[in-house]
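Quick one: this structure, given as structure tokens, is what I'll be asking you about.
In this document, chain identifiers A, B, C, D, E and F correspond to the written order of the chains, with residue numbering beginning at 1 in each.
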């Protein structure tokens, strides 16, 4: 009995304040969490909207698990882009894979029947500034726009302007260039397959 | 009877050697490499070299002034640093970048640690590493020697980017490792790497010039023979392992030894006494470490060349090596 | 309406509150029990120091946290002042705690340099080219003629943590304003020139010489050395000459008329007054003392 | 610290200024080095970080100062940790809600404020011993000191690594950016040299 | 190397040394200045200052007072301590004073100053009063030890350890091997060389006496191979003398510091004296050739140690040579006797240039351990050393390479310089014998040996725990 | 084999390539403070390794078993720090009581570690990297500790030899340590891209 009394003598303040702090956090969270969720959505919208300018609205379609080139499981969320008129103008999904220094996370957009790419955006990467982080620059990214959504190929020289499956590597950063390609190539086929299986897209078009 | 006597501790005589004479020896040893650089890369090589030397010397002078230290230019170590830095730069580097490199070498690589003898990292390599981190693109573009029309891809205006980055034999061998073919092409370049008619840093292309200078230093006993031997031997062994497993993907050991900065490193960089271990056993470990890390980076890593990082990494562990290889007195450790 | 809002807020936040409550209570119980059950005895002094420290465990002192610094500093008071977050305040507290245990009786001891020869007063046979420390110079024979005098290479200066010693023109001089009487200098001097003397008065007199050479030799080596003439001993018994050197009995020291006379009569001026308010030592009278003749 | 009434205002001023220079948490006390290095690649995140630290410091100093007479020795540190982590969580939520970009850049360095030694140190050394007002002033002084230091460091790194400050180009376009300054090397070197400079200045003053 | 000792016994005399130690260096020999100079009579001194402390161990107490008369060879100072040796007067005369005199090691130390009579006969070096047939068995071991102590013999190779203590049987460390040190590795000095050439029989006699006293079974005479004549002469004498079993000359490589006892033992026996230990611990006694000669004289003639051979040399000396000098002669007088100095001298060194001590006060008297006076000019010292130009250590490792004790001189010296004595100790500062090799080779011209010496003194002071 | 490969590369990566100190700036305070002597540095490194492994595992468990996906997620930071602090303090008391010699050699570092951001930082990064497998979390935490040990030991070696160097007065201590750390990160860039 005296032990319990001693315990409360020592720790009443702690107990009370931990409860209060808990409430404080929870209340703050309750107040701000809508905004936080909204921010996340906004960001995705912004990124995907940049890739699919025609899209007005994005709709969560499904979540898939794909296997990266190194055998790691990666989760991918697929969104459907809807135009003003509500028709599907493309699909966008996030994916990731190993880059030069760390993992590279991308958002990739394709047109609605996996015919052509609509481009990609970098969600997160840790490539060397000046080298690999040029994958964020438009001159490299633009090569993907409207490229056919099949196996892309990396070349050292070529015409970057031309729309074809040949992607010209960033000077001095072949590894990062290749990594982007690998991630995209790898995920596009798997996602396409899985979605076909699920019947979310049809093969006929 | 006698006037003006001096007293001091024994011994009262000393060998006719000085820090300056040691450094001048190194400079003499570097002359063939500088001459070769001048031959292959023409006047711009000499301009780069003198820029590096002058800015290194001026930086040292300034640092001494700022830190209120006695002038230390007469030991010529800044000149050595300048030359070695220059020899490790690509021939097309702009002058301003070379200046930044030498200033970094001397100021951050050397003077902040207390000047000659106190620095932990090889100043020239620290400067080069900084340049690489800052201006990676400039530091990885190569021009081919002015003397030749080489079998390697040519440099021309329209055929720019990738050709330049592949102009060194090591870039070729890196490619060979990736594609698992083509190492023979690299090995065929052996004669060129020996004379120096290949792309690469100013001072690393001509193996024969480097060997000449290295031999001079060995004969003069300016450098400890253990380090060059250990570096070359371990690099040889590790590259031979690769070569024996797959000679289409991995270049031959001799190519590895003669190309890139390997010889420059073995004779002039890894041997920098200030940043290498003191004891004989330590030198072996250091040399083997440099050779092994270089080959690790060349074969497994992403960069075609690994000398600079290998030297810096081993510099970092030099104090630990020195501690590990503490000498045991002739009479054994004292019992008490 | 508001009520409903509050109710909803409460609804969504009580789990967090309860978790924190549980966590807090849990840890409080565990820590309290542990601190009871796993108590170890430690030196109360260390404990005291530990209490005085900020207990941030930041490692800025170079030790593994406040606990180990407290232990180290208790053993080695020279480490006082390493705690950056605590600053001078904490350093002062630690010093206080530690000094409780250094019992001291009698007047504070302060250093006194037993040499007063500056460069011009000394005789040199040769130019010293060796290592510029007193201990190295002292190991070589006859770096300066007088084997007993101050070498002026500042070993004591570097030993003093309080910047209270300076070599001025080849002679170590104590700055009594700054001196804490720690005695480090006295241990550093290879010629044992610095003696820790009980300062029974603000300023003390001393015979600033340690030379046991006979008067003639001393004269030949040093303009201001003690020649053992005995004039001071004739004035008052607190001076005594032994082995060609006058000494002062510090325990008996009193500034009386006789001491003043002894002070004034000393032909070489080797008797000096030291202390925070002592005047500069007088110049030696150049003419030989009549009494010795 | 004295309690004489007429000295208090002077004291407050001193406390405020102490954090800026004499007891600058980064330069003099060498505390909170991790965020100092990690978030100073550019000025914007550095300022955000600094403001977050000010907020946490401010709130936790208030709470600790209010509770200072109720603290029990065994559970004191636990209490501090609890307080600090609560406010850090709030700061983190705030950034996520209103500064999503900064929140992303700062990443886990915001929650790491919990273990930032500055805050525990101030709680321990100042707030748990002083009345409310002194603690608040101390928090503000220290926080501003920390923030300013971060900004100076970030300014140097940003201008060298991009030629811009606050993302506004300053240097001519011909300037080739020193990318190394954006990397860890730049962080360590700049802070090291800056510390050396501060040491040199204080030496000269003393 | 197998068992080197037995190899030696079965080896025909070779004058090329294969035996050596690891490390060491090759300073210029410069022995040609005096190598051909026979031992000559020294100055007839008017005054001799006999230091009361000329050896390791307790200093002597004076046995007479100011004004007393003394005879040449009379004992004038002694001590009751075990590790000590009496001192004797080299001349007949009057005690002028007992006062402090400059001492090479101790700075100022008490000495008995004797003023010579007008008609003082000076002792002259005798060619070789001993014959090959000398038979040590006439003397018992105790007799020998006693005579050695009474004659005040101390090691004449440099350290001055009382020889009686060394050769006397010690139950704790039974002795097996005696090494006679005739290396004389120090540049310039030739006194031991001349003694070996001129007093060969006397040395042999001393060796046999010392062997008898110590009970060693084996005697190895180590001589550097730059002295082939000495090797010849010594070997011939051994072959001719009776009881020569186990006595052998071992030519060793010419390398500094081959004459250091630890190096000599390592070279010819391939054994290492423990760090911080002394040779007796592994059953070895090392004696200098001059010490051996002194033993013979002391035992047979009852002559105390009052004179010794001193090499006066250096380019600054007019008539360099080897002189038989009364102990107590001042350096100044001796230099004057050799014709004074020719060029502008820069340094007067008691001993050789590698280990000798530069003195400032030329009234310093010769002691039993003074083997040489070397007067160097500025040119010989070298500009860098003379002007004390130092650069920072470039960690070239040369000092490690030459250190015969396999230490890390630069680490130790730097630790001492930065007052990190515990670091210095962890690098075995106590193992340094101050041979000077490291300082000699250092391109940065750092006084490594000086710092190490300083560190040792520092440590000794620290350990002594000065009372507060 | 595959998982083993992933674990191994993950381990090497966090020790050498993504070293906490050099690339993530975690644990800089002890890195500056306790790197004066090698024995201390090694003790500190070992203690960090122990604590980081322990807390990496614990927090991963708490995160995945309790917090993730519940409204309690907001209290994550509080939970983490309390778990770390509590666990460390308990271990410290336990060691001090029952294994005094072990405590002397590495337990003394424990309290210092609680306020070290390497620990909390790693727990957060593990979460950030989306490690969803306990073994991987353990291996990564352990690797992070080893990486820290390596970094601090190298630094201690360098600082011990800098003790004998003639570093300018104003750069002594933390400044030169930071500069050295900067050059070290340059050197470690050599391993970049080696493992992906």
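Following the convention adopted for this analysis, a residue touches a chain if its C-beta (ideal position, glycine included) is under 8 Å from a C-beta of that chain, and two chains touch if they have at least 3 such contacts.
In this text the structure is predicted, and so the values were computed from the model without any measurement.
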(Q) Show me the overlap between the contact partners of chain B and those of chain F. (A) A, C, D, E
Q | Identity of the chain that, by mean CA position, is farthest from chain C | A | A
(Q) Taking each chain's centre as the mean of its C-alpha atoms, which one ends up farthest from the centre of chain F? (A) E
**Q.** Centre-of-Cα separation between chain E and chain C, whole angstrom
**A.** 43
Q. Could you state the distance in Å from the CA-based centre of chain B to that of chain C?
A. 50
(Q) Based only on mean CA positions, could you tell me how far chain C sits from chain D in angstrom? (A) 38
Q) Can you list the residues of chain B that touch 2 or more other chains? A) 4-9, 108, 112, 114-115, 117-118, 130, 133, 135-136, 302
(Q) Which positions in chain A are in touch with at least two other chains? (A) 10-11, 14, 17-18, 21-22, 25-26, 29, 100, 128, 130, 175
(Q) Can you list every residue of chain E that touches 2 or more other chains, as numbers and ranges? (A) 357-360, 362, 386, 388, 392, 411, 447, 450, 453
Q) What are all the touching pairs of chains? A) A-B, A-C, A-D, A-F, B-C, B-D, B-E, B-F, C-D, C-E, C-F, D-F, E-F
Q | Parts of chain C lying in touch with chain D, wherever the complex brings them together | A | 20, 24, 27-28, 31-32, 35, 54-56, 58, 60, 84-87
Q. Hey, which residues of chain C end up touching chain A in the complex?
A. 9, 12-21, 23-25, 28-29, 32
Q | Complex contact set, residues of chain B against chain F | A | 67, 108-109, 111-115, 117-118, 120-121, 126, 129-130, 133, 293, 296-297, 300-303, 306, 308-310, 312-313, 315-320, 322-323
Q) Which residues of chain F touch chain A in their complex? A) 2, 6, 17-18, 71, 74-75, 78, 129, 192-193, 196
Q. Of all residues in chain F, which touch chain C in the complex?
A. 29-30, 32-34, 36, 40, 43-44, 47, 70-72, 74-75, 78-79, 82, 86, 89-90, 93-94, 96-97, 100, 108-112, 114-115
